[in-house]
Each structure stands twice: as C-alpha cells, then as structure tokens.
Amino acid sequence: MNNVLDDLDFQILVHLQKDGRKSFTEIADDLKVSVGTVRNRYNLLIKNKTLTIIGRVDPEKIGFNAYAHIFISVRPADQINTVAEKIARLPEVSFLAMISGGYDLEVNVMCRNNEHLIQLMNDKIHKIKGVFETSTNMYFRVLKIAQPALNLVKESLSYSPKI
Amino acid sequence: MNNVLDDLDFQILVHLQKDGRKSFTEIADDLKVSVGTVRNRYNLLIKNKTLTIIGRVDPEKIGFNAYAHIFISVRPADQINTVAEKIARLPEVSFLAMISGGYDLEVNVMCRNNEHLIQLMNDKIHKIKGVFETSTNMYFRVLKIAQPALNLVKESLSYSPKI
Amino acid sequence: MNNVLDDLDFQILVHLQKDGRKSFTEIADDLKVSVGTVRNRYNLLIKNKTLTIIGRVDPEKIGFNAYAHIFISVRPADQINTVAEKIARLPEVSFLAMISGGYDLEVNVMCRNNEHLIQLMNDKIHKIKGVFETSTNMYFRVLKIAQPALNLVKESLSYSPKI
Amino acid sequence: MNNVLDDLDFQILVHLQKDGRKSFTEIADDLKVSVGTVRNRYNLLIKNKTLTIIGRVDPEKIGFNAYAHIFISVRPADQINTVAEKIARLPEVSFLAMISGGYDLEVNVMCRNNEHLIQLMNDKIHKIKGVFETSTNMYFRVLKIAQPALNLVKESLSYSPKI
Amino acid sequence: MNNVLDDLDFQILVHLQKDGRKSFTEIADDLKVSVGTVRNRYNLLIKNKTLTIIGRVDPEKIGFNAYAHIFISVRPADQINTVAEKIARLPEVSFLAMISGGYDLEVNVMCRNNEHLIQLMNDKIHKIKGVFETSTNMYFRVLKIAQPALNLVKESLSYSPKI
Amino acid sequence: MNNVLDDLDFQILVHLQKDGRKSFTEIADDLKVSVGTVRNRYNLLIKNKTLTIIGRVDPEKIGFNAYAHIFISVRPADQINTVAEKIARLPEVSFLAMISGGYDLEVNVMCRNNEHLIQLMNDKIHKIKGVFETSTNMYFRVLKIAQPALNLVKESLSYSPKI
Amino acid sequence: MNNVLDDLDFQILVHLQKDGRKSFTEIADDLKVSVGTVRNRYNLLIKNKTLTIIGRVDPEKIGFNAYAHIFISVRPADQINTVAEKIARLPEVSFLAMISGGYDLEVNVMCRNNEHLIQLMNDKIHKIKGVFETSTNMYFRVLKIAQPALNLVKESLSYSPKI
Amino acid sequence: MNNVLDDLDFQILVHLQKDGRKSFTEIADDLKVSVGTVRNRYNLLIKNKTLTIIGRVDPEKIGFNAYAHIFISVRPADQINTVAEKIARLPEVSFLAMISGGYDLEVNVMCRNNEHLIQLMNDKIHKIKGVFETSTNMYFRVLKIAQPALNLVKESLSYSPKI
C-alpha cells in the first residue's frame, strides 16, 4: 500500500495537487532537493498511478447543464460486473462505483440538458440487460470538488512510532 | 456561458484533459497553430476557470480506505447555506452538492478507515447545527472517475447554425 | 353538485373544452338550439365556476426549463392550512393539493432553470414556517395535459334512470 | 425557443391567460396597437402552439370525485415509451410525465369514485405490459391550479442587457 | 345506497350495535313502536346485509398470540383478483382489502404464535402465484375495535334539507 | 389464558360466531347438553369478555364512503400512551393498535367522504400533541372481514397430550 | 419449554454465562450443593442445548475489519428455505434469521475488508438463486454483545404463583 | 492488531471456539506443544481480550419468546454517544452497534413476549432523551449464530509473503 510513499513523496504530491503544471525546478527549490530527485519521484508516482495530472474542465462553463446522480439496482444481481462495464463505457458517465445500501451502483452523468439526460436513460442505460431499477436525482448546485487532503493521512501516521 | 469557447478552445481542452502537463509546443504542433496562440488561449481558460490543471492523487494508494457517500437533510431547511459552508470546510469532504429528491445535500468523504469515518460523523458533521438526518453508504469499489467527454457538447452545437 | 347540469350543458362544455373561442353561433348550429340559449347556458356555467375559459401557455415555449414536483411535510401538522396559503401565493406554483400518503402537500412549480428552482426552494419554500421536509423531482418530459373526458361521467349517469 | 416572443407577445399572452375569450378589440385598445396586429400575433401564437384557448371544466362540479396521483415503474425500463403511449390514451388520464426519482412516470387520473379508480387500476393500467409497480395517492383537496406567471420569465430577461 | 334507511332504522341499528342479543321487546319499548315493526325492520336490515349479528371472540383470550399486519404487492399486477381470492380463503385471514399507496393488498392474520405465522407466510402466502413482495408487522397491543359511530352519518344528513 | 376454555366452550363460540342471535335451545340441541348449561357457559364467556355479541353494520350501506388506514409516528415517542388514548376517543376510529415497524400506531377510520377525512386529519388528529407524522391510505375495496377461525387454535391443541 | 429449569439450573447458568471455564467446585461452593449435583445439572443443560460453552473470539483483534449487516429479499418468496440453507453454509456468516418487515432474511457477515465483502456479495450471495434484493450496511463500531440477562425471565416467573 | 497472533494462537483459538471447556492437556496433545505453553498463550489471549470463554444460553429454551431488531435514529445526532451508553445498560439488549445507512444505531433485544417488548419500547427506550425514531422488527426464526471462521483470516494472510 502506502509503504512506498515517504515524506518527500507527500510533499511533491501536495505541490502538484493544487497546480499540476508547477515546474520541477520550483518544487525542488521549495523542498531543498535536486531537480533530478523531484523528476525521479514524479516519474515513479505517475508510473504506479498514485498521481495523474489532468486538466479539469468546469462542466457548466462548457455547456453541461444537467448533472445527475443515478442509483442502479442490478437483477439478477450476479450481472453486476457486466452491467458496470457497459455503464463505464458511456461517455456521459463521470463517476461509477459499487456502493453499500439498497442499490448496487452509483453513477454520475453529465448531460447537456434534461432532454439529453432522459434520452441517455431511456435509450442507453435502461437498455442495458440487468439494469432493473434506477433512481435519478439532479445536482442543483455543486459547492465543492476537492482532492483528498493529504495531511489527513500523514496525521494518522504520526500515531505509529516508526514507518 | 459557452459563447467564448470556439473550436480551438475545445481542441486545447481535449489535449489537456488527459495529460495536464502536455507542453504547449506539442499541442501547437498538433493543432497547426503557433505556440503563442496556445499559450494565450490556455491563459484565458485558466483565468476564467474553465480549466484547472490538478495532480489527482489516488486515495487508496495513499491510505484512504473508507470512502463514503453521505446524504444530509437540513432542518430547519432554511439553514442549508450555513450548513453547506461548514461542511465544505471539512478537509475530508471531496464533493458537496445540493441535490433533488428527499435529501438536501450530497457529500463524499475520504477517511483513513471506518473509525476515522465514525469520528468524522459523530464529532464533526452531527455537531453542525442544522444537520438533522444523515444516511451514509460506503463506496466498495470505484470503477470510473472521468472528465466530461467534450465531444458530447460539440455534437449538440452542430444543431445550432451559427455560434 | 351536478344536478344543475343537463345534457345540453354537457354538449356545450364538450365544444368549449377543445376550442375556448368557438363562437356561440357555431355551437348553437351544431346543437340545433338558439344562440341565446347557448349564451345563457354559457353565462351560468361561467358564473358557477363550472367552466373557465383560459389561454393556456406552453411553459417550455416561453422559457420555463425547470418544471418540478415537490412533496411537502408540514410539522407541526396542524399548520397545514397556513403553509398551504403561503405556498399558493408563490407565482411559480402551478398546482397545489392536499394528498394521501406520507406527505401532506403536493406542489408543482415552473422555474426558468435549476438555479431559479434552488433559489425558490432555499429562499422561499424552506423559509415558510411549518415546512418540515421536502422531496423534489424534475419533470423530464410532459407527455399529456388534458381536460377531464366528460363522457366518463355521462356514461355513469346512464346507470341512474332520471336526473 | 423564446427568441420569437417580444414584449407585445407577452402582453397579449397575459391578457388571454386570464380570459381566453377577451375580444381582440379590447386587447388592442389596452396595448395601443391595431386590432390586426393583435390578430396576427394571436394567430402565430396559436399556430406554433405557444398558446391554446381551452374551456377548463371544474372536475368536482361535474362529478369526478376520485382524483388520484399515480407513480409508475416500468420494467423492463426500455418499454417506457410504449407504456407511456398506452397510458396517454386512457381518457381518465389528465396529466402524464417522465420524472426523476425512483419511479419512471407520474400520472394524474380523474375518476367518478373509488370504485371507478380501482377498476381503472386493475382492468386498464395493470394490464399494460411493462407496468411493474404503481403507487397511488388521492388528492383530498385541490388548492391551486394556475398558469405559469409570465413575469417570472420577463423578470429574468431584464438581467441580460440585450436580446 | 342509504336512501332505504330512515331514522327508525338508525335507532334500531344503534341498539343492536352494542348488544346484538337485545330483545325486540326492549327495543320496541325504547323507541315507542310495536314489536312487529322492529322485527320487520330487523329482518330487512339482515336481508340486505346492512346488519349482521355476530359473536365476536377475543383472539388473545382463546390463544391467538401473533396478530400481524401484512402488505402485499402483486406482480404482474393484473393477477390481483386471483391472488385476493386465494388469500381470502385462508382461515387465518381476518381482514383483506385493496388499498392505495405502494402496495396492492392489506391483510390481517391471526396466528397462534410466531412459528405459526412464519409457516403461514412461507408455506401458504408466498406459495400463491402472483404474491411478489410482502411486508409484515406485528400488532403489539390492540387498543380499540369499534363499530362505525352511526351518528357521524346522521350528523351529515342534517345538512341536506329533506331525506 | 385459555385454560378456562374446554371443548364445550369452543363449540358454543363456533355457534355464536356466525349467528349471534342463535337461541340457546338450538345450541343445546345441537351439542346434546341442557339449555341451562349453554346459558351458564354463555354468561361466563360474556362476563370474562371472551365473547361479545354485536350487530355489525356495513359501513358502505349506511354512507361511509371514505374508509382509510393511517400510520402515526409519535414524537417524542414517550407520549405514545397519551396520544393513543386521545385517538381512541375519536368516533371515526374503528381500529387502533401499537405496531412493529417504522411507525408507532395503526389507525383505521371511517368517514363519510374525502372532505370529512381531510377535516378529521387536519382538525382532530394533527392537532393532538405528539402526533408527529402520518401516512394515510384509502381502502378501495374491502374483500373480507372475518372472525378468527377457532379450529386453528384447537388444531394446535391436539399437539399437547391432555388439556 | 422452561418447565425443566428450576432455580438451581438458573443459578448455574448465571455462573457459567460470564466465565465458561469456572470450575464445578467453585460453583458448588457458592450454591451450597455438591459438585456432583452441579456436574449432573451441567451435563443435562449441555445435552438439551440450553447451554453451550464457547470461546468467543474478538473479530477485530484477529483481522476482520469489515463487519456488515445484510437484508435479503427472496423471490419467488417460496424459495426462502433453500436460500437460507445456502447462506447458512457461508463461513463469513455469523448470524442468520427470518425477520418481519419488508425483507425476508437478516444476515451478519464478517470479512477481512471491503474488498472481501464485495467479493462475498458478488461472487457468493448474489449468485444464490432466489436472492432478489440485498441491502448492505456496515457496522462502524460494536458497543455491546451480551448474553440474555437471565433474571429477566425469573422476574416474570414471580408473577405466576406456582410453577 | 493481529501482529501478536502467530499460528499457534490461531490453533488454540480454533480448539476453544467450539468447546470452551476443552482441557489444556487435550489441546496441548493435539498441537504437540507443552501444557504450559497452551496455558501461557491462553492467559495472554484472555488478558488482551482476543478470547472470552462464555456459557451461551439458548434464549428460547429459557423463555425469551420475543427477540427483536430495532433501528434507532438519534436527534440531535450529536447525542449518539450518550444515547448509546444508556441503551447498552438495558439488560434486554444483547447487541448494540453504530451502523451505516439511514439509522444511527442497531439494537437487538430479547424479551419474554410482545407485551414485555412494547413495555421496553414505551417505558425505557422511548424515554431516553435523544431517541428520535425507532423501527422494530421481530426475528421469527434464528437459523445460525456462529463465531467468525478463523481460517478466513489465515487464508488471506497467505497472500502476504512474510509475516
């Protein structure tokens, strides 16, 4: 798990979490290590997929006005993996997870408008074999999208004497 | 809204969505425009917050083992803005939105483990005045996290004659 | 109740249900009665509020893009009349009724968009004292709005020998 | 959308919303335009279905004593369009829409009494292939039926400098 | 409907509601009519099933310790009449009705104990074709079983001038 | 409990369950015991409230057209006894019990019509302090009202060697 | 039932409930009876399964970090016994019961972690024919696991004069 | 956590899980270690509460006929710890845990009968300040109560190369 991550890794992640294009030189200066060290660590973090640098686009700014949350029940329930794979391939799907509670899957979709959303539901999602029941709700206003606060993990590490 | 975005903006967004550190030279080459044009457009997209370059960290890789979904009802309901502000400030909160249906707010939190989660619930969220009812479910397995597929908007643009 | 309505009244209602501006001359011709009779019956139906001639405006055509259904629970429940009066006064409300089941009131609202809707919820409806719990759902697509089919009542009338 | 509607159209709609039989002369006088202009605008609004003049009949006055709200789940959900078409054809149905949340369709029906309603449910609606689950509630008392308040859209228009 | 019932019928019903074995002589004395009149009215009320004289047995006193309330959903819903007929025949069933809301049937059953109840559910009710879903709750303590208070109807009759 | 009931008591109960006015002579003849024995047993059964002879009136026949089922939640829940006492006193209440599941009380009420029912809810039940939440459903059609089938208990008695 | 248990049995059960390895000598001393009597009673209690001496292992201490509660609906419901037998055989299942309410079975499972749990759900439980719907919740923190307090039964015994 | 447990500890736990009174001599013989080693390990396992030897009493055998499952919502939710402490002290409570989902606490209680249960609810649990809502269901039949299958953890240990 996190046994490959030392304190320097965390510091580099903290820098890049906020500004993904920060230059290695700046990071190296700040952390008092060589640029080569930052680059090596960075390459490793990218390689094992601990880190991904993405350009996050504000969906409302580019015209996605219907952002919805969908709970899905799969029946028979043993088709859950097949259903999940098909849903994951839909380009409107921005989040997909297996979840506890009365439903099997939680899906987030971004659509241009309600008409696009109802078409996605009727013509794509409901047509997937195994999708038994859906419950859709609209996000009226998104108030926070954030990366995990890294210090929450470090804080807990301080409880264990040596790592 | 999207009246400031022309086709070139979209192409640049598509490039950066997947690799946020792609050099302007590469993008300019691909799109057959000057590096200066890419840089100008990039700066504008960043400035008006259409684009943000972030380093996304895989929460499981760094030790967040309890990723949960929480629905919150606020009572009296006119305290919803105050409650939302306080919840947005919690570092464990990775997503917060107002949502349709029987609850008022949807929250996603990332915690080290179940014990951290129950402490967050009991000592922080339940202590916020106006939090009346919560329903918590665990994400067992995240199967997709994706940026909005930009072509979904462009496709729709083709319906309107001129923009 | 319906003891004032005879067969002629029904025929006139059937004519006006579909085209509220149909001239009395046309109706009189069709029903083989004098124009004066039609006018008298019409005036009576209007006066006792059995009939209202309205210009129904298509909400989507004029820019109402968020049409929503809201269930409301009132607590303490003895404030239901006061709450209902206040909700009835909101211009966005197009339907309001007391209903069986787990909620007390059903409300339909027409808003310009999701932002208008969430403002209506947070700044108006949730601020009404006694509104305890709301559950909001969006109408994605309206497929039928119809007047009651008058023959359904007439059919039943045929069971009773004379009225 | 609403780009064909100018301020004069709105004024004419406002007049006809309340009294669908108001004469064009009266409207023209009030708005200081010629009767021909009002008639032309009226014809256009009728033609593109922005406006419909109907005679609304009070259901209770003519003997519909069981007015009910029905939620319907369609399974398999891809039959939703077929089911909706069949339900729309039932004369008792006064409203039909696709809706967000846990159900697929919302239906309003007007029946003579509870016995008529249970016959409609058992002999018509439940017999439609694809109707999987229904939840019925009675409207005890209707408190408001209203047209959309047109100024709500105009108000919002004032925010944008020029249209 | 109740057009055959006059005031004397009501008075006789009130007498017999409480004590089903009250002698006609006593009733006649109290109402100042002849015994023959009471007998005639009684026979008519029995004949048209307005009245039934039963010996109600206290279930707990004779050993029914598990008194339960069951909601049943029928699927496909058009089998509701067939299912209802089969359930009505079970001797444990003391009440059966079609009901509004999310379920189709409400059933009350009286069993000797929880074991008898679970056997009834598993071996009888769940085996009926069309019984799709059941929700069972136990009556912990019955606080009132009463006949309809007849004056509630008479009270309303006073609103109508003559009957 | 049922230790006072022997086989003769059961036979007498069976006779009176169906016809509460059956003469002691007929019962005695049928059971081959003296009339005095039947009368003594009868008096005891009446005295210890194992048996009550009532005249059951058909509510629909006399004008109760709205027969409803109400679930009630009491808050604070320690007021359940006080609330139950007040509800038991309402003449419209024909059944009242404490029940398992998410609600505290189940109530059945018989009203003249929907308007009477909504008045009962708003003006009486919701005004009782402690009534927090109600869920009302209409009985559309009652299909069976029955006394407990006495042989169900006797059948089980046959398992025990001697009674 | 409990007719074989006298006061001495209860006293012995109370001793062993807390410390299953308490020696017969100690118990005999405390209860002022011979060791042989304690041993005889003990053997009988073990033989008729009133008592079982087990070593209870704290699941968290040995590495079960995902302790979950699962409600299961069985469809068709007449397969409930077959389904229950298969679920009882899963080694992760620590509790299984038929339960009232909207579900048929309640199951408790102990898993190493969320991944183990989701595998158990998808690969084992959902694959059992007849498992129609599941609702899973996590136990965040167990606060009490206790044996039934024996005096609760004895207390009630004091109400009956002789046993 | 489980770093103190080696393979020998597991073998001892497996022996005592099934028969809590198995003599150390037998266990030592079976595992080919000295009795002293078994005793030392046992004492450590008892001391750090990994193991408890209890005499489990079959509740039905001694007269607990109403075994129920209760979900509790606490309001205001920050009183959850206080409420939990009070509930834990009730002798009828055999299980208490904080749980995910819409409720805060899950409780299992063992009562003599339904009357004892309803008294416990009304006179004890509902009287605890902060208990806002309860949902009670009856266990009709318990089919399995089991200790965690220890090999499930050992199996997983084999995935990690060295421990």
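Letters A, B, C, D, E, F, G and H mark the chains as written, and numbering starts fresh at 1 in each.
Keep this in mind: contacts are C-beta pairs under 8 Å (C-beta built on N, C-alpha and C of every residue); 3 or more make two chains touch, one makes a residue touch a chain.
Keep in mind it's a predicted model, so treat the numbers as computed, not measured.
J.: On C-alpha atoms only, rotate subunit F onto subunit H and read off the angle in steps of 5 degrees.
T.: The rotation relating subunit F to subunit H comes to 90 degrees.
J.: Identify, among B-G, E-G or G-H, the interface equivalent of A-C, where equivalent means over half of the contact pairs coincide by residue number.
T.: B-G
J.: Report the inter-centroid distance (CA atoms only) between subunit D and subunit E in whole Å.
T.: Centre-to-centre distance between subunit D and subunit E: 41 Å.
J.: Approximately how many whole Å separate the CA-defined centres of subunit D and subunit H?
T.: 58
J.: Scan subunit B for residues touching two or more other chains and write them down.
T.: 98, 100-101, 118, 121, 135, 137-138, 140-141, in rising order.
J.: Mind listing the subunit B positions that touch subunit A in their complex?
T.: Listed in rising order, the residues are 1-2, 5, 10, 13, 15-21, 48-64, 69, 84, 88, 91-101, 106, 110-112, 116, 135, 137-153, 156-157.
J.: Under the touch definition given earlier, write down the residues of subunit G that touch subunit B in their complex.
T.: Listed in rising order, the residues of subunit G that touch subunit B are 65, 113-115, 117-118, 121, 137-138, 140-141.
J.: In the complex of these two chains, what residues of subunit F are touching subunit H?
T.: On the subunit F side, the touching residues are 73, 75-78, 80-81, 98, 100-102.
J.: Could you pull out which subunit A residues touch subunit D in their complex?
T.: Within the complex, subunit A touches subunit D at residues 68, 118, 121-122, 126-127, 131-138.
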